[in-house]
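Two complexes follow with subunit A in common, the first pairing it with subunit B and the second with subunit C.
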Partner chain A sequence: MAIHNILNNTGEWLRGEGPHHQIVVSSRVRLARNLKSFAFPGWAKKHERLQILEAIKPQVEALTEMNDAFSVYSQDLSALEKQVLVERHLISREHAAKGVGSAVVMNRRQTLSIMINEEDHLRMQAIRAGLQLKSVFKMIDKVDSALEERLDYAFHPKLGYLTACPTNVGTGMRASAMVHLPALVMSEQINQVIQAVNKIGLAVRGLYGEGTEALGNLFQVSNQTTLGEKEEDIIARLHKVIEQIIEHEQNARQMLLQKKPNTLLDHIGRGYGILRHAYSMNSKEALNLLSFMKLGIDLGFFPEGCRQPIDELFMETQPAHLQKGTQQKLAADERDSLRAEIIRAKLNEFPRPDVGLPPTSSAPDGNGSQN
Partner chain B sequence: MAIHNILNNTGEWLRGEGPHHQIVVSSRVRLARNLKSFAFPGWAKKHERLQILEAIKPQVEALTEMNDAFSVYSQDLSALEKQVLVERHLISREHAAKGVGSAVVMNRRQTLSIMINEEDHLRMQAIRAGLQLKSVFKMIDKVDSALEERLDYAFHPKLGYLTACPTNVGTGMRASAMVHLPALVMSEQINQVIQAVNKIGLAVRGLYGEGTEALGNLFQVSNQTTLGEKEEDIIARLHKVIEQIIEHEQNARQMLLQKKPNTLLDHIGRGYGILRHAYSMNSKEALNLLSFMKLGIDLGFFPEGCRQPIDELFMETQPAHLQKGTQQKLAADERDSLRAEIIRAKLNEFPRPDVGLPPTSSAPDGNGSQN
Partner chain C sequence: MHCDVCKTNQATVFLTQIVDGKMQKVNLCEACSKEKGVTDPTGFALADLLLGLGAAQEMERGGTVQKCPACGFSQADFKKTGRLGCATCYTTFADGLAALLKGMHKGTDHVGKVPARLAKSIEREVQLKTLQRDLKKAVASEDYESAATLRDQIRHLDVD
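Let's turn to the complex of A and B:
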């Protein structure tokens, strides 16, 4: 499969379907594995990294899940192509920085992605839309078992799987869900939620993982520890917490609808108005305004048909996705006007939003809309 | 004529017609006059102020220009009614603070307004839309001559008309034009222009005169001195300067259109988008966004039919105008949502702006709009 097939087709998880997909954008599980008797990638010399690569890559490609897969050496990807894969969460930022000695293999549906010689010899992930942590874990667990039969993993009977970074030793597993929490942010309850989640040993991070900002009201919730707890238990615990977060977000939405409908409508209305009519927009503003549109769709202010286009814009307005269709690298201001243009064109296809926006007169603090 | 006739009908100058009306909102001339042998209003005791009032009011009402006039004692106006008159520039803020002993008389077209016992015994003004300083001066000069035949003005052969504040002594005249200068503000040339205007002895002030902010890119340009120059010369000089400012603003617009069309479109597009879809808006933001809409109409991005509704919104979204139709005084957040509602309803009647917005592809820095 060629790179353009990957770049030009949004993967399954980007289509925004799956249980609780209004609030849970995606579920992801990644496993870190290493081969016995080879140095970790960070310590291995170039020729050793190439040895590791040649030992692993054919086995990954031979997986039944990787039938008709996209398989590529890192040096054969352009910086822009790598950035597109990072924006889709198919490779990590760390992996995008690798050259000779690294590779990535992913299936056509873009639900499975296996990085070779990232921080560990193997970083394999499964990702799907909505809250599907259990099925996502099953997917990647099956791949892991198949590879374990063919590769000699570094495994310690007491510690479990050995990894380059001690924080991954044990299961080598990081399970996470990307959640969209605009009402918790708007009602200033988000910090409370983050603190509560941290207290029970889970991490809350921004859109692109550790140390990144929570743009577009998107948060990644994941397990912190990999030692002393079985994979199934970690997944079950995370699943439960995500369900609680969903409930908090839904309560916050109901509270805003009842107590501050005008503030809510104002955010959503301004979001739509600016997205629909701006001629220059950076990606940060785009994500934040798209978040309000997404909320507006969830609350029924816009028809359900707007959901997929808006979900797509979350990805299409990211810098690399924006530039993949253009011939040359764009300057920041050119990107900003192209981004605004793409958004305007997409929103232009929507029906006028007044159709969906309920009149404020039905709202407790409203003054009776004349729309 | 009853107060509701005044309150419910926007005056002639608000209808936005007249020479250069795109940039010059209105032209205004006011004269300060005092009666001989009475103390100035600030020094006069209450009984003396009542004497002055009874000496002047019948004479003002007897003017042919004041046929079917609205004439009212200050104590008979509510605070809200006074504020409406202030927002229309028909009475001054100072006069709105007066009670027993003061009055105001204005003609039906709201082009002539005569305040009795403001800072001076008589403050008379004429106001019209567009650049009409000469005709506006003629109007008020005729009224002044007629009153001078019937009232005994305090006049000094060497100094001219005597006034409560020495800065008005001489002609007692303040001539001003309200100009809309969004392009000079956007291109950061406005301070240069203000400094140049100050240097030749003219003042530039905000929307409501001395010490007020330049909201909505609206500026008042007026003469500073009243001594040593004939009225006609002051008017002619001011007229010339306003013509130069118009030219600067037009040049700035052309430069933005040629060099930064996307920035210009972005301001106008966002202005429209927010006005059209917000559910809460304070008066400051409303003025600033309406200013961009007005610019958009001037530049042909919106059809000419949008001009009057937008000009009306400049006034209708002011706090007192907003509340005059409601039964009780509104809290700030209630005003903000009512304001947004009125604006949405008015803009809802507009055709979709894409009709008027030229595709960016025709613009030098554009990327080819898909609209």
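Let's turn to the complex of A and C:
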């Protein structure tokens, strides 16, 4: 399979409709593994890294899951192509900086991606839409079990899977979910939620930016520790916390609808107006306004058919995705006009927000006539 | 407030994390937070960042070994990168790492997945140790009948 098959088709997790997909964008599990008798990639000499690569790559390509895979050496990808893969979460930023001696293999559906010689010899991840951490873990666990039959992993009876960084030792697993939390941000409850989640050893951070500065109101929740807890227990704990976060977000939305309907409608209405009529828009503004559109769809102000175009725009307005169409590097102001153009085209057929029938009509003063 | 990493820029990203009741704080500037991949949860752990900020010194106190015999990696290298050189480094620097891992993780022992192939050999090793201990006891108490059976069992394990 060629690179353009990957670049021109967004991954399944961007289109998919998983459980709780309104609030949980995606679930991701990554495993770090190393071979027993080689130095870790960061310490290995170039010839040794090449040896490792040639030992691992054929085994990864031979996986049944990698039937019709896209497999490429790092030096054969352009900087822009790598950046597109980073924006899609298929490779890490660190891996994008690698050249000779590294590679990535991913399946056609872009649900599975295996980096070779990143920080560890193997960094494998599975990603799917919605909240499905358990099935995502199963998927990557199966791949791992198949690979361990053919590769000699570095494993220590007491410390588990050995990794280049001691923060990953043990399970070598990092599980995370990307969540969209506009109401918790608007109602200024987000920092409380972050602190509560931190207290139980999980991390919350903005997908782009931190805390209330998180662009697009998108956050990642993940486990921080890898030693002393079973994979299934980590996943179950994370799953439970995400379910609680979903509930908090839903409560916050209901609260806004009841107590501050005008503020809420103003955000959504302005988002719609600006996105449809702007001629220049930076990525920060786009993410924030798209977030309000997404919320508007969740709340029924726009027809369900608007969901996919909006979800796609979150990705298509990222810098590398913008430039992959033009095949040339664009200056910041050129990117901003192109971004606005793409958004305008996509929203061209969108109806105006239907605030006549919002769920607020059930609230006594919810029709916005109190001033 | 200055950034903990470059110590020059104004810090704009504040991270707080509590792992088992231990509060850890890091303040970063925009550039350093980007460089450290703070926004990518799969590529970043706060503890990882702390490694570069002095936690690695904990390891130094632990051991006297200077270089890993397998890969030539030294404690100074760890201090610089926060990464180890190879799998054997975990044995080489075991004493120092023990303290480091304890402050970083939920537990000190792996309780998760074990590669199927190793699971068998690990199990066998445990069995072997138990049998050898029983054998010693049997010999010491001059219970030669049991000792003979145990010797047979040990021989069996070795052959498998």
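Definition applied: the second predicted complex is superposed on the first by the 344 of 371 C-alpha atoms of A that agree within 3 Å, B and C clash if a C-alpha of one lies under 4 Å from a C-alpha of the other, contacts with A are read in each partner's own complex, and residues count from 1 in each chain.
Keep this in mind: contacts are C-beta pairs under 8 Å (C-beta built on N, C-alpha and C of every residue); 3 or more make two chains touch, one makes a residue touch a chain.
What you see is a predicted model; the values in this text were computed from it and never measured.
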Legend entry - Touching partner for A:278 - first (subunit B), second (subunit C), both, neither: first
Inset, instruction - Once the structures are superposed on A, label A:338 by its partner contacts, choosing first (subunit B), second (subunit C), both or neither. - result: first
Legend entry - Broader residue contact with subunit A after superposition on the shared chain, subunit B or subunit C: C
Inset, instruction - Classify the contacts of A:145 with the two partner chains as first (subunit B alone), second (subunit C alone), both, or neither. - result: second
Inset, instruction - State whether A:311 touches subunit B only (first), subunit C only (second), both chains, or neither. - result: neither
Inset, instruction - Based on the superposed arrangement, let me know which partner A:298 touches: subunit B (first), subunit C (second), both, or neither? - result: neither
Legend entry - Partner chain in contact with A:160 - subunit B first, subunit C second, else both or neither: second
Inset, instruction - Please indicate which partner A:87 is in contact with in the superposed arrangement: first for subunit B, second for subunit C, both, or neither. - result: neither
Inset, instruction - Sort out for me which residues of subunit C touch subunit A in the complex. - result: 13-20, 33, 37-43, 45-48, 51, 71, 73, 77, 81-87, 90-91, 97, 100-101, 104-118, 122
Legend entry - subunit B residues touching subunit A - in the complex, by the definition given at the top: 262-263, 265-266, 269-270, 272-280, 333-334, 337-338, 340-342, 344-345, 348, 352-354, 360, 365-371
Legend entry - Residues on subunit A engaged by subunit C in the complex (per definition of touch): 28, 30, 34, 36, 38-40, 42-43, 89, 92-94, 119, 125, 141, 144-145, 148-149, 153-162, 164-171, 173-174, 176, 195, 198-199, 201, 203, 205-211, 220-222, 224-231
